[in-house]
Amino acid sequence: MTVPALAPTSSEVLAVVASRELAGKRTVFAGIGLPTLAASLAHLTVAPGLEVVYESGVCGAHPSHLPETIADSVLITDAEAVISMPALFGYVLQGGHIDVGFLGAAQIDRWGNLNSSVIGDWHRPDVRLPGSGGAIEVMANSREVFVVMRRHEPRSLTDALDFCTSPGPDRARADGIRPRGAGVTRVITELGLLARGGPGEELRLTAVHPGVTVDQVRAATGWELDVADGLAVIEPPTIAELRLLRDTVDPDRIYLR
Amino acid sequence: MTVPALAPTSSEVLAVVASRELAGKRTVFAGIGLPTLAASLAHLTVAPGLEVVYESGVCGAHPSHLPETIADSVLITDAEAVISMPALFGYVLQGGHIDVGFLGAAQIDRWGNLNSSVIGDWHRPDVRLPGSGGAIEVMANSREVFVVMRRHEPRSLTDALDFCTSPGPDRARADGIRPRGAGVTRVITELGLLARGGPGEELRLTAVHPGVTVDQVRAATGWELDVADGLAVIEPPTIAELRLLRDTVDPDRIYLR
Amino acid sequence: MDTQTDATGRTTRARTTPGTTAPDKTMSLRDAIARYVHDGDTVCVEGFTHLIPTAAGHEIIRQGRRGLTVVRMTADIVVDQMLAADCVTTLVSSFVGNSSAGSLGELRRRVEDGRLTFEEYSHYGMVCRYLAGAQRLPFYPLRSYGGSDLPRVNGQLRKVTSPYPGPDGEPEHVYVVPPVNPDVTIVHAQRADRSGNTHVWGLTGVQAEAVYAARTAIVVVEEIVDASVVRSDPNRTLIPAHAVDAVVVCPRGAHPSFAQGYYDRDGAFYREWAHISKDPRRLAAWLDEWVYGTEDHAAYVSKLGRDHWERLAVDEALSIPVDYGRRR
Amino acid sequence: MDTQTDATGRTTRARTTPGTTAPDKTMSLRDAIARYVHDGDTVCVEGFTHLIPTAAGHEIIRQGRRGLTVVRMTADIVVDQMLAADCVTTLVSSFVGNSSAGSLGELRRRVEDGRLTFEEYSHYGMVCRYLAGAQRLPFYPLRSYGGSDLPRVNGQLRKVTSPYPGPDGEPEHVYVVPPVNPDVTIVHAQRADRSGNTHVWGLTGVQAEAVYAARTAIVVVEEIVDASVVRSDPNRTLIPAHAVDAVVVCPRGAHPSFAQGYYDRDGAFYREWAHISKDPRRLAAWLDEWVYGTEDHAAYVSKLGRDHWERLAVDEALSIPVDYGRRR
């Protein structure tokens, strides 16, 4: 067993903070990496019945090794169910079975809209990014969405997206489409935690990591960031949380860089 | 081996006539009874590659016993594929994979429209019939439809349906829906064979069984029946056809009553 | 460990998997019906000829539910029985015959006398209602119904114009159906684990869609198996646990329909039903004896007797396994 | 009887079933590509991370096809390679990254330089295009895209008003996508019989829909099996023979992706591809050596060598059989 003598790494802090936000949730849609680390830790702590659904169609995985991708063969062998894409996206996601969807993005704005398509103009981009994958559907159909942003900087948390790939409920409504979920409700970054309740609300700073100042966060955010009353300081990862992460969830430190 | 000394029964004649019309077809959608007898015989004679698709979702059945229903367990064990209802109706039937659909009905009109819902008024019927099942979809999506009517009489081959359950292409077009297949192209009865080429054409008498007169057929038909030039006389079942039906297809004479 | 013995003396074992935190959703059929089926509910009972949840229908009758809307593609004997027991006021269906064995007497009487609200569809219309329901879509398009009289008597069949031109450049119109989202869907299956991961084989019909379309779902199974059995073949899980609220073990609960690999269809009973249901008094007597007169489905199964089940028994025909592989 | 020996020395046997008249659709990959893939065609290459038909992509490159429209949810290494070989002018896709292992260098260069027509969708948008295609529907509705910038750059994303009022009584609007009906769909699978009844397990993605959506379909398999193997488990037949035009046996044809139960994913190659594809000369050299320089996929497989395949080998994890039953 690892003695958690080492100070928590940035990845460990992000995973722990995200795991705590999953308290009481039943189903989470997650990609490999920090989201699955967070979900695995939550499963062992605050959300014992938590089921992770993967975009590949795997439900109730029991992997023998830490998976490298959402489609890793170790997620399939011994899973409770492996379903087709029409069933995964149609019946599970659009069917309303996902409590929390985890998403990443190159850019996020104050309303929780996301860009994962391009930097620059879509037609002749400076950087062509991978695109939506299922992110548009995760955003549109999950009850709420958590975003983990390793880097907290103005070009990522931006005042104006270069392109809106995955819109939150406010943009959907403005487009004449009835929104379903709350959109992004949590943004977990290296500096702190941003949150919003749902449609019509901006992301506000609700907690900072120990030693981080509000000015620091504001300077790193591309929009005029609002701060919640009673701003909290995030409790650092506990020894119990770190032990679980290091000894049980990712003992080979594949994602806990 | 049965020596086909007995004269062919009415069921045998209908099955043989229907089987001949399947020459060269690849896929047929058929219910249990005369349609499957016809398909099985065709498979052994004029359509060696013929695949029967059942409404239950069975493709390429290899039954150990003659099935009693389209969902008989003997159709499932040893089948090549068993698919869900959405796949059967959506991908196979609506997807355009069926050459010939077999349908029955309580009433048919001169355009090949069918009633299998009610005798009398729909809201307070004299007789409530089983309804469409998949007949509406078989009619709308098969390249063509064959109807076997054991009884040829004016109340079955009628001038005006009590209710149109399964419409042919002409009614579909009049309703603003682009039709796909030809609708009913063959009606096989105890008196003869009625045929039409497709949209815009009426069913005409193209052949009669030996000894049946045109007047007899006209009297038994609820509309002013048109007769094709060069009206043919149907060749009676051959000894080879009868042997196959009696010895191979239905040796226990379950459907060859 | 639960141990159950069925009418043929076969013992089925149900074990929990140690080391998992998956919720145990098993309960008796009586409790499941009491908890999830209420007067006035919309109840979907699916299974296309195969795996018809008859035992659940009988338990609904025993508990005296009233005012139900029953949604079912092929109204079958169990629907005729629920009608005769006065549980149902509205039927949503696409086929109301007793398979190929004659009529459903009670259903015909009630429709012909105007005592039952009947929403009539075609099979694919029903399938599309489940598809829309499972996907929480406002409507589902299909290529049929053009020219049918059904839209004249069923106002739910409507048209939409496609925003893409047709192959000839002209606007294209199609019929659509609305979603169905039953209060509860009940299906029967071969086996499930205690949290509801359900293996179904043979005819799978529209069961997955009907379950996903529903607000709550009851899965009745021939046997509860260890999670390791289900997990040895995750592609066979037609219905994942997250879509299931109650798991009920009820061997032979699909009689007189069949469970592929477990027991065959009781064709003789289907034929007999045409006669029983034709005579309201005979039908009432049948319900008294076989439903009200049996405490639960186990009693119904023993009342049928060993010889009866022996006639419906099937020999083994095992699938050849596939290899899911395991990383070294 | 055909006998093939793969790189690990395993012998696969392919037998015809005596006594059936099912057409034999087996042919070489070279013949299948020559017959079914033409310059200017719309070619769908599916397999969600699992069972990617790489060998077929390589054969398209060897035969020098030009002007293809490639339809594929997750553009992957094989698409990057087909782009670099100048086979493709239009890409229809919903994810254009090299899995989680970096970028597809050639794809990025061509998009960033404006040398590739790219029709961008989301995953479910692509799924719905296949669903509409398979069902020959004029459009398919979905609950996403509202407020996205994608409809601004992709005119195929349009809206329809539901003919049923929404939950608040107001009209309800949804986005729809048009069908896709590829000239040919190519998928990879574990096993099929000679007429094309195809067993797939593990991640099944959207393969069935992509095949049914197409005008013609090529199924590439790890092994041809006797029809009796397929027929022992008809529910495992994801793709029935009537939807298949060509059956190609090509062991390890999904490398560097994987075939559940046969060989694992070559993660190292995915990571290496980020570097190879970043440099156009290195990419060209790779194509010269591994695609143009190999006569067929068997040569590519042997060139990788036994040690390489040994590292990707997996242990056995067999499914527990189910009983289909047999009437006595």
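Per-chain numbering from 1; labels A, B, C and D assigned in written order.
By our rule, contacts are C-beta pairs under 8 Å (C-beta built on N, C-alpha and C of every residue); 3 or more make two chains touch, one makes a residue touch a chain.
All figures in this text were calculated on a predicted structure; none of them were measured in a lab.
Centroid from C-alpha atoms only, then distance subunit A to subunit D, rounded to Å. What do you get?
29
Quick one: subunit B and subunit D, Cα centre-to-centre, how many Å?
That pair's centroid distance is 38 Å.
How far is the middle of subunit A from the middle of subunit B, if each middle is the mean of its Cα atoms, in Å?
About 57 Å separates the centre of subunit A from that of subunit B.
Quick one: which residues in subunit A touch 2 or more of the other chains?
58, 73, 76-78, 82-83, 90, 94 - these are the residues of subunit A that touch more than one other chain.
Give the residues of subunit D touching no fewer than two other chains, as numbers and ranges.
In subunit D, the residues touching two or more other chains are 131, 135-137, 142-143, 159, 166, 172, 174, 201-202, 204, 208-209, 232, 235, 260, 264, 314, 317, 324-327.
Based on which chains are in contact, what kind of graph results: line, ring, star, complete or other?
other
Where do chains touch, given as pairs?
So the chains that touch one another pair up as A-C, A-D, B-C, B-D, C-D.
Which residues, counting only subunit A, touch subunit D once they are in their complex?
For subunit A paired with subunit D, touching residues are 31-33, 55-58, 68-73, 76-78, 82-86, 89-90, 93-94, 113, 117, 122-137, 139-141, 163-168, 170-180.
Using the touch definition from the top, list the residues of subunit C that touch subunit A in their complex.
These residues of subunit C touch subunit A: 21-23, 131, 134-137, 193, 195, 197, 208-209, 212, 227, 230-232, 234-235, 237, 240-243, 324-327.
Quick one: in the complex, what on subunit D touches subunit C?
Its residues touching subunit C are 135-143, 158-164, 166, 172, 174, 176, 178, 190, 199, 201-202, 204, 229, 232-233, 235-236, 260-262, 264, 313-328.
Which of the residues in subunit A end up touching subunit C in this complex?
26-27, 43, 48-49, 51, 53, 58-60, 62, 64-65, 73-74, 76-83, 87, 90-92, 94-97
What does subunit C use to touch subunit B in their complex?
Against subunit B, the touching part of subunit C is residues 48-50, 73-74, 93-97, 99-100, 107-108, 111-112, 114, 120-125, 127, 131, 142-150, 153, 159, 166, 172-175, 201-206, 208-209, 258, 260, 264-265, 267, 314, 317.
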